[in-house]
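Scroll down for the structure; my scribbles are underneath it.
Going by the order they are written in, the chains are A, B, C and D; count residues from 1 in each one.
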Amino acid sequence: MSDLSPAAAQPETEIDLAAAEALLGTDTSRFRHDYLEIRGLRVEFDGFVAVRDVDLTVTQGDLRFLIGPNGAGKTTLIDAVTGLVRASGSVAFGRTELLGRSTHRIARAGVGRTFQTASVFDELTVLQNLDIAAGARRGPLTLLRRRPGTPEAVEHALETVGLTALRDVPAGVLAHGQKQWLEIGMLLVQDAHLLLLDEPVAGMTQAEREETGQLLRRIGSQRVVVVVEHDMEFLRSFADSVTVMHQGRVLAEGTVQEVQNDPAVVEVYLGAPAAASDGAAAGATAGAVTSEAATSEGELP
Amino acid sequence: MTVLNALVRPGRTRTLAAFGLAAALLLLAPVVLSPFRLDLLAKFLCLAMVAVGIGLAWGRGGLLTLGQGVYFGLGAYLMAMHLKLADAGPGGVPDFMLLYGTGQVPGWWEPLRSPVSAILLILVVPAALAALLGWAVFTRRVRGAYFAILSQALAAAFAILLIGQQQTTGGTNGLNGFRAFFGYDLADPVNKQMLYLIAAGVLLVMVAVVRQLTVSRFGELLVAVRDQEDRVRFLGYDPAAVKVVAYVVAAVMAAVGGALFVPIVGIISPADVGVVPSIGFLIGVAIGGRATLLGPVLGSIAVSWAQTSISEQFPSGWIYFQGALFILVIAFLPGGLASVAGTLRRRPAVAGLSERSPA
Amino acid sequence: MRLRSTSPHGATRLSTVTLAALCVIALSACGARVDAGSPGASSSAESCVDTSGDTVKIGFLNSLSGTMAISEQTVHDSLQLAAQEINADGGVLGKQLEIVSEDGQSEPTVFAEKAGKLITSDCVAAVFGGWTSASRKAMLPVFEAQDSLLFYPVQYEGLESSPNIFYTGATTNQQIVPALDYLAEQGTKSLFLVGSDYVFPRTANKIINAYAEAHDIEIVGEEYAPLGHTDFSTIVNKVKSADADAVFNTLNGDSNVAFFKEYNNAGISAHDMPVVSVSIAEEEVGGIGVENIEGQLTAWNYYQTVDSPANSAFVEAFKAEYGEDRPTSDPMEAAYTSLYLWKAMVEKAESFDVDDVTAAADGVTFDAPEGEVVVNGDNHHIAKTALIGKIGADGLIHTEWSSQEPIEPDPFLEGYDWADGLS
Amino acid sequence: MDIIAQLFAGLSLGSVLLLAALGLSLTFGQMGVINMAHGEFMMAGAYTAFVVQGVIGDAGISLLVALPLGFLVGGLLGLLLEATLIHRMYRRPLDTLLVTWGVALVLQQVARDVFGAPNVDVRAPAWLSGAVEIGGLALPRTRLFILALAIVCVVALALALRATPLGRRIRAVVQNRDLAEASGISSRGTDRVTFFVGSGLAGIAGVALTLLGSIGPTLGTSYIVDAFLVVVAGGIGQIKGTVIAATALGLMQAFFEYSTTASVAKVLVFVAIVAFLQLRPQGLVSVRTRSLA
C-alpha cells in the first residue's frame, strides 16, 4: 500500500484549459440559453424546515456562488434540485421541471453535481471513472462490451483536468485536489449543463485554487454553474454573483461588492447590526466568512 | 506506470492460462476418476455454477444474497418435474402423486411435459422471479443488510412452501427416482459421464460469461454501483437496473446449476434450498475470493470436496471445520485465497471489500 | 496509451474460441459414447463385495450431525452394539463384520451420495440406516440401481415396497391402525389430528380419516405445523375449543416439546383429552419433560419395559455399553433387530450375494427384544406386535394394550376394506 | 372468545419475538452488526437455565437465578465475540453476517458435544404451571410471565439508553462515531458494552424460552430469521419500532394461522413484510440522516 501513496508515485498535475475547449466546444444546441429557475422551494425534515421560500435564478454565463453559515440550507438546496430530498415548490432547468423526478432522470436532464467530500469510485481507474460518467446514455449492447478505446470526450476531459498521466491509476490513490478535479472532469464528460459544485476547492493549495477557478470561469461562460464555497478569497476572485443563505432563506443576492456591504449579511456573520458602511465592515465580513469556512470542516457530509 | 497497470488489471494471459488449465483438467477427469468420484465431481460442478453467479452478484455487485437456494431450487424442481412427467410417459401421472396426491397432474405441471418448454421455463421462471423481486427491492433502495435478510427470509419461505405442498411437490421427500434424462437412461454409467461433461461445459460457459461481464463497461459500472450507489445515480444511471441485471444473471446460473444437479444427484428436496444451504453456497465463494473470476469456482469445488472427505473421516468434524472456515476466511482473509496466491493482485482484491454501510 | 487499452481484445476472442472448441470436443465426445453405450447396455455395475477374506464389510449410514443427529445417533449406537455382539459370537458365516460408518448429515442428498459411496467404493454387503422418509426415498433409487441392500429401521408411512429394502420398523397397519383400534375400543367418538407438515403425518392422517369414516369417529380438526415450529398456542387453542375425545399426534422432533408444554399450560390433562403419539419414544420423553407428558399414550412395537429374556439382555447390554441413563426405544430395537435379521438371512442363504439373501428372506425369524419377528418375503416388511403404552412418572413407557400376536405387515393396506382407494 | 384467545396468542408470540429481537435491535440496529450467532446466545441462555436447575433443583428459585445468569452468559459470549472478531469488522457489516454464521455453527456443535444431541428439559416452577382463568379464557401462566418479562426488558433498556450516562454514550457513538471519539467518549468501550447488553438480552430470551419449547442445540435457529425480520420491519435504531413490529408480526402470525395453516401463515407474514418494506424501505420508525447514503 505504502508504495502507492499519492505523493510518491504521481507526477505533478495541472489543469489544461485549452483541452476544455474541445469539450465545451462540442456543445449541442439542445441546452442553449439555459437557466436555473427556483421558485418557492421548501424542504422539510420531520417538521424541521431546512429550506423555505427560496427563489433563485441563475443564467448561463453567470458564475454564481452560494454562501451562508452552517445549516443555512445550501447543501439541502442542492439536494433538492438533484432529487436527493423531497421538496415542494418549483425547480426548472430551462423548460424542464425537475421536482418530482427521480435523481437519475434529473441527471439525464443535464444536471450534475459534486459533493463536499470528493466522491469518486475509488477502486476504478481515473479512466474508468470518466468513462462511466460519459456513458449514461449508452445502450445495453455497448455496456456489455469492453471499452474499445478511450472515447474522445474522456480523452479531452483527462487533459482538461490534467490527469492523463494518471489515467490507469485507481482513483482511490489520488490526492485530494486531484479527486476534486476528477469530479469536475466527470461533470464535463457527463455533459451536464447545470453544474452544482459543493465546496470544489476545499483542501486545495493556492495554486490549485487558482487553476480550478480559471476552469470554473471557463465552464461558467457556457454552462449554468452554482458553487457552494466558504473561501472568500476564492469567491472574490471568481464569482460573478453571490447568493447568501441564512436559516433556509435567501438573505441577499448581488455582486460580491453588493453582498459584502449588505447590512443584513454583516449582521448574520457578526451577530450584531452593522455599524458603518465603510470598508472595515466589509473586511470584517470577509474575515468572518473565512473563519467560518475553517470550522466547517467538521460539518457532516 | 507499467507496475501500476499490472496492479490494476489482472493479468489477462494468466486468466486465460488458468481458464485453459481448468478446461483441460475438467476434460481429463473422466479418464482418471472412478464413476462414483466422477458423479461427485459433477455434483460439485453444479454447486460451483451457483458460486459463479454469487461471485458476480456479491463480489462485483456487493449484493449479499442469502437466498440463492431459491433459484437453485426453482431450476432443480422444474427439471425434476419434467423428468417425473417424462418417466410417467405421455399423459402419465408421476408415481408420488398416485401415492400421496390426488392422482391427477395439476395444471401448472403440464407445461413441463415438453422438453423444450421445460428448458425454457428453467431459464425464464427464475429470471422472472429475480427480476420482479430485484426490481421491487432495489428501486426502493433496500440494500446491504436489509437485502441480505430479506433474501434469507425468501429462502425460508420458499422451503416452507415446498414442504407444505406435498401432493404437488413431494413435500420433504422432494422429487426423486428419475429413470431417464431426455431419453437417456440415468443408470447407464456412460450417460453419467455425458452429464458430467455437460456440467463441465456449462460451467466453463458461465465462467466465460461472467468474465465478459466483468471486463465490460457493465462490469465497471457494477463495481461503481457497489461502492457508491448514489454517485452513480447522479451520473444519470439507474443503479437498480444495474443491480437487477447482476441479480438475474446470478439467479439464472443458480437455476441452471439446480437443473443439472437433479439428474446427476437423483434427488431434490427442500433440504437443498432452505436457509442453511443458501448460506452454504457463500463459503466457497468467500474462500476462493469473491471478487475474482475463478476464485468462486475453485473455492466452491474445494469446499464441497472438503465436506465429503472430512465428513468421511470425522462426522462432526465437518461442522467445526465449516464454522472455522467462515470465521477465519471472512474475518482475516476477506479477499479469499486468491488474495494470498496473487500478491500482486492483493490490493484491488482487498480494497474491494470496504462496503459503505447503508445504515 | 490507446494501444494498451485495445490490446486485450485479442485475448477475449482467443478465450472465446478456446472455450467453444472445448465445449464442442466435450459434447461430441460424449455424444459418441452415448451412441455406443446406450441401447440396452444399461446394466448396473457388478457388485464388488469382497467375501474372500475372513471379514465382510457392512455400512452404517446415520445422521451423526445436523438436526436429525438427535435421533439417529441412538440408532447408530444400537447398530454398533449388535455388530459387536455378532462379532463376539463368531461373526456371520464365520466372517467378522467390518463396519464402514458414514454420516448422512441430516440431508437427503448426502444420504444418496453416501449410499453410493458405501456400495461402489467401500463395496459393503448391506447398508443399515436412514430415518426420515426423505432420506429413504433418496437412497431407494441408488440401492435399486446398484442392486444392493438397505435395512431401514424406523416406523414409516407405508405405501412402499422395494426389492432392495428391508423395513424393520412398523408400517401403518402395525402402528397407526392398532392405535385407532384401541381408541375405538375405548369408546372414542371424536379425534383431533395434529402433525408436522411432511409426508408421514399427511399419509397417516389420510388413513385415519378413512378409518374414522368407516368406524363412526368424527375428525373435528386437522392441523399441520411446519417442521421445527415452536409456537403452538394457536394450534392448542384450536384443539381446546374443538374439545375432541382424543388427539392423534404425528408431530416430529422438537415440535413435540413445544406442543406438550403448551398443552399442559393451557390446562388440558391427559385425563380430559389424551394424546396418542406415534413419534415419541423413551428418548424423547426426557427432552419434553416427564411432568409435561406423564399419562399420555404412545403407539409402538417395543418399549424398554417389555418383559422378555431377549429384552432384558438387550437393555442390559445397551446400558453396559452406553451408560445407565440411556433408555432403549423402538427404532433402536428395530435397528438392532435388523442386523440380526440380515445375519439370519445370510446364514440361511449361506451367501452374502444380494439375490441369494433376498431369496432366502421369507420366513426368517428372530427372537427380538420386542418378541419374535418374522420376515415377509413378499413385501420385505416384518410381522410385529403392536403395543399401546402409557408414559409413566419414571419417564418410561408401560404397555397398556397389546395386539397379543404379531400383525402381518400390509404396507398398502390391501387387507382393509375401509382403506380402498387410499393408494 | 376465540378472537380474544387468538389476540392473546398473538401478543404472546409477539412478546417472544420481542425478547429475541430486542438484543438484535441494539447490536444490529445501533451498531450495524448482523449477528447470526444471536440465536446461539439464546441457546446458551437456555442451557444456562438447564445447568442452574441441575445445581439448584427447585424450579422456582433456579428460574430466578437463571435469568440474571443467562444475561451474564449471553453477554460474556457477546463480549468475547466482539473483542476477538467483530471489532475489526465494523466497516464490513455484511461480512459480520458470515463470520457470526460460522460462530453459530461452532456453538451449535459445541452444545451438541457438551450436552449431547437430545433435547434436555427445564421444569417450569409450580407457580407458573397451568393457566389463569379470566372470563372463561385460560391464559397460560408461562406466557403471561414472558409477556411481563418482555415488558420489563423493554422498559429497562429504554430507561438505560435514555437516562444513564452509559446510554447517552451509546447513542452518541451510534449517531456519530468520529465526533463522539473526538469528544472523549471511548467508542471501543462503548461498543463492548453495547454488545454485552445486546447479547445478554439474548441470554434472557433463551432462559424464557425454556418455559415454552425444546432446549436443544438448534434452539436459536428457529428464531433468528424471524428476529431479524422484526428488526428490519421495525426500523433501525429505535426500540419503539422493534416493539411495534414484534407485536404486529406476532398478531399477524396468530391470526393468519388461525384462519389458514401455520405453514401458509409463515409465508403470508413474509409476503406482508416485503410489501411493507415497499412502502417504507427504512422500516416503521427511522431516523433521518443527512448523508449521501
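Going forward, contacts are C-beta pairs under 8 Å (C-beta built on N, C-alpha and C of every residue); 3 or more make two chains touch, one makes a residue touch a chain.
Predicted model, so just to flag it, every value in this text is computed and none were measured.
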- For the pairs B-C and C-D, output the one whose chains share more C-beta pairs in contact. B-C
- Most remote chain relative to chain B, going by C-alpha centroids? A
- Rounded to the nearest whole Å, what is the centre-to-centre distance of chain A and chain C, using the mean of the C-alpha atoms as each centre? 71
- Distance from chain D to chain A - Cα centre to Cα centre, in angstrom: 46
- dist(centroid_CA(chain B), centroid_CA(chain C)) in Å evaluates to 32
- Here the gap between chain C and chain D, centre to centre from mean Cα coordinates and rounded to Å, is 36
- Item | Two or more partner chains touched - positions in chain D | 109, 112, 261, 263, 266, 292
- Note on the structure: Touching at least 2 other chains, the residues of chain C are 8, 12, 65, 197, 224, 226
- Message: Residues of chain B that contact two or more other chains, please.
- Response: 5, 160, 163-164, 212, 215, 230-231, 316, 319
- Note on the structure: chain B partner, complex, touching residues on chain D are 28, 32, 34, 85, 88-89, 91-95, 97-99, 101-106, 108-109, 112-113, 225, 228-229, 232, 236-237, 261, 263-264, 266-267, 270-271, 273-274, 277-278, 281, 292-293
- Task: Going by the contact rule at the top, pick out the chain C residues touching chain B in the complex.
- Result: 4, 8, 11-12, 14-16, 18-19, 22-23, 25-27, 29-31, 33-34, 36-38, 41-42, 44-45, 64-65, 101-103, 105-109, 112-113, 116-117, 120-121, 132-134, 137-138, 140-142, 145, 159, 197-199, 202-203, 224, 226-227, 423
- Enumerate the contact residues on chain B facing chain C in the complex. 5, 12-13, 15-16, 19-20, 23, 27, 34-37, 39-40, 43, 98-100, 160, 163-164, 166, 170-174, 176-178, 184-185, 187-191, 193-194, 197-198, 200-201, 204-205, 208, 211-212, 215, 265-269, 271-272, 308, 311-312, 315-316, 318-319
- Residues of chain C touching chain D in their complex? 65, 67, 69-70, 73, 197, 223-226, 228-231, 233-235, 237-238, 240-241, 254, 256-258, 261-262, 264-267, 283-284, 286-291
- chain A contact footprint on chain B (complex, rising order): 1, 4-5, 7-9, 212-213, 215-218, 220-221, 223-224, 227-228, 230-239, 347-348, 351-352
